[in-house]
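Letters A, B and C name the chains as they come in the text, with residue numbers starting at 1 for each one.
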Amino acid sequence: MSKSRLIKTGLVLAAFAVVPAVLVGFDKGYYYQIATLAAIFMLLAASLHLVTGVAGLLQLGHAAFYGVGAYVAAILGADHGVGFTVGLPLAGLSAAAIAFLVALPTMRLMSIYFAVATLAIGQMLYLVFLNWVDLTNGPNGVMLFSGINLFGIEIESDLGIYYVVAAVVAVSILVLNRLSHSYYGNALRSLREDDQCASAMGINVTVMKIQAFVISSFFAGIAGALWAYTTGYISPNDFHFSQSILILTMVVVGGLGSLPGVLIGALLLILLPEALRSVGDIRNIIVGLVMFGSILFLPKGLFGEVSALNFARRLLGANWSNDEGQKGIGWK
Amino acid sequence: MTAILELDGLTRAFGGLKAVDNVTTRVDHGELFGLIGPNGAGKTTLFNLISGFTPPSSGEVRFKGEKITGLSAHQIAHKGMSRTFQNLRVFPNMTVFDNISVGALGMLGVGPFSSLFGRSSHAKEISERSWEMLEKVGLADHADDLAANLSYGKRKYLEIARALAMKPDLLILDEPAAGMNDSETTELARFITGLNKEGLTIMLVEHDMGLVMGICERLVVLASGRKIADDVPAVVRQDPGVLAAYLGGDEE
Amino acid sequence: MLDPYILQQLAIGLSLGMIYALMAIGFTLIFGVLNVVNFAHGEIYTIGAFAGLMVISVFGPPLLVVLFIALATGALAGFGLERLAFRPFRRFSDEASLKSRAMREATLMSSLAMSIIAREAMEMIFGSQFQSVDLAYLINKPIGIGPITIVNGDLIIFGITVVMLGGLQWLLKKSPVGLSIRAVSNNALGAKYCGINTDRTIIITFVIGSAMGALAGILVGLYYGAIFPSMGFTPGIKAFVAMVMGGLSSIPGAVISAIILGLSESLSTSFMSSVWSDMVAYAFLLLTLIFFPQGLFGARRERV
């Protein structure tokens, strides 16, 4: 088990290290942008994987927490001169704190009701990004010129920035991997499979769900900060509902519950539209098609441990059997 | 003998219907206790009242002398009560080992930080317990199989093993023999008796009279939510009320 | 006497609420029959608006014809949607009830995918900017009533919604089709055993619901004079909120909630900037989910 984990770790690190070597060959800033974007979305997908793929909570507002991280990093950097080393963790913690606040009342909601609640929360945060002009500069977005300053060293080259992003993403993904492939991950999986049964095993379902949601949002916040530092400009549209759906599609396509699958899903959905750029801006339509196709033809995703549909069924196994007959009775 | 579980005037009404009506009884330490009744007698509701899945309309449940009504299911589990489900609720997309580990880790507790930094203090214990239970029910060879791929009978044992991994003081089995043939039921009876011999208090909720009559030391019979008998099997078997409730007695 | 400004806002809110109601009915009908959330409902609304726009710019027929075309296009789109995003997942339904939670979440995602595809396709064809509508068709001619000024669109929207609601009520209560819709909604399997063609009933439900959604789309397009591919997203969410507030499968509940929502949004602009008015709907949604899981009118009896 540890051996295979070592191999996996090695593969992830190698991929991150080899990519720039190839990119140097092309010597084009554009490729760095794509590589950085891909790395950031891999982290977003991996963080959503924890809450949706492993713990089985359908989260439709992930991009908003990504946005919280980005705005915290950008505003702290632009208005208060807070640099990368402090801004990055603060961005993650802010996203986690907001996630904690919204999780408290919504965690008891089941299934699609939870999904819809996260959608509403995502939209509310989006409205804040868009309309709280004093804080977020509204639709004009925030410019961040400071870039990445690592312990006094200004990192300016494309390669350097890429390595910083890749390092943060790699460490975060390893943490998420560790969390989802441990006894802790087993506890989260048991919620996905049958939360009522898990509670009979002595698991505090609500607390576990809140933890998963908060951890996932923390890493979304980290991804947001990386986005802000690398692009130097953020605007509300970067964190629109459609971005949440993009991330969700990565998780569904890659396979619910499978981290490698999810990472490949992220790469696919970032690189495919870029490769097809000549055809026009069709990223979103590809997202829609890929999502539809994978639900219809690949219910388990590319590598999933759970079929998207089976997952839903078990997730709700709680009152599966007494659904129709005892509508008025149900438990609780 | 001291009581491990006491039910006191337990009632649960759904609308006008009393699914469980004023049930009072006790289970003693080390006992192999049976709760039976025809379909719709309120067994599962009573079971859900005991394990905290349904709040009672009135009455109370005491476990090890402590009132547990109003506690949530996971709190009751932590007091040392463990249950299985009537309709086989293993975690299908997890391996057999992982299934059992959930029973152990639920009780021992596992947090995100302890599993990140170094060996969790409980990790070793979780693993040992899980293997112990796997051996006990004879599923060690299937440790890495998905639970969904096990046969029906093996999944039954997996569910029991998962409950045992909680190291409970009281194990409540909800219709464990449902869907089993005669020889499987006999083997299950032997297994349950064995667990009881090791000192575990067991409450068996059953529809099938045969299994319960054969192995239980004491029985409570429910009909239409009310307790109609509470005695040793030999007496219950002769009870005219019980025979009437089962419409002509135990043909099973 | 109420402040004229408040009265004015009430009139606007009522129109808004009527539009939400038209859309919420579609949601509610579909939820009632299949227990699924149709995420593509907002795109049906957009399709209705674009269908009307195209008819106007090509033929320039009378308003009533435009509305009928939108209605018909919506019906067709609803039929197609059911075929593509819902029918294929019927195989995941639970044998015992013909509805299932697996199907629910699968169709939630498939309809979401459909909505993305439809919206993006419209953007590719028409571009993402506002399409202007022939001024002659706009329904914003002012009418003064005492201290306030409404537009003829307010009256038209009110009238049409009332007619549609009445028609729907008649359909559900008096016609055989309505009977089968109510039967499938109550107990799909039972209805099937009674010889009701459930597949056909489901299609009819989608057709009726989508037709009303598309009608709402063209009405709003003509009311504001702005038609664009992503116009359906926000009203779609609002209508969904109304459905949840109304108790998920209660049509009167959804209609009343939609009107409450429209009025509150419109009144909220008197004490906060209108850019925040969307916040009202999201707040309503969260509060309803958390505090009134049964819906405001207690129609739903299900753990959420």
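Remarks
Throughout what follows, a residue touches a chain if its C-beta (ideal position, glycine included) is under 8 Å from a C-beta of that chain, and two chains touch if they have at least 3 such contacts.
For clarity, every value in this text was computed on a predicted model and none was experimentally measured.
The chains that touch chain A as well as chain B do not exist here; no chain meets both.
Most remote chain with respect to chain B, judged by CA-atom centres, is C. In terms of their C-alpha centroids, the spacing between chain A and chain B amounts to 40 Å.
Averaged C-alpha coordinates give centres for chain A and chain C that are 31 Å from one another. Our note on geometry: chain B versus chain C, Cα centroid distance of 48 Å, whole angstroms.
Residue positions of chain A touching 2 or more other chains, listed in rising order: 310-311, 328, 331-332.
Across the interface of their complex, chain A is touched by residues 37, 85, 88-89, 92, 94, 96-97, 99-106, 108-110, 112-117, 119-121, 124, 187, 189, 233, 237, 240, 244, 273, 275-276, 278-279, 282-283, 285-286, 289-290, 293, 301-304 of chain C.
Chain A makes touch with chain C in their complex at residues 58, 105-106, 109-113, 115-117, 119-121, 123-124, 127, 130-131, 241-242, 245, 248, 252, 280, 282, 284-285, 287-289, 291-292, 295-296, 299, 308-313, 315-316, 319-320, 323-324, 327-328, 330-332.
Only residues 175, 178-179, 182-187, 189-190, 192-194, 196-205, 211, 215, 257, 305-306, 310-311, 314, 317, 321, 328-329, 331-332 of chain A touch chain B when the two sit together in their complex. The residues of chain B lying in touch with chain A in their complex are 14-15, 48, 51, 53-54, 72-74, 77-78, 82-83, 85, 87, 89, 91-94, 98, 101-103, 105-107, 110-112, 114-116, 120, 122-123, 126, 162, 166.
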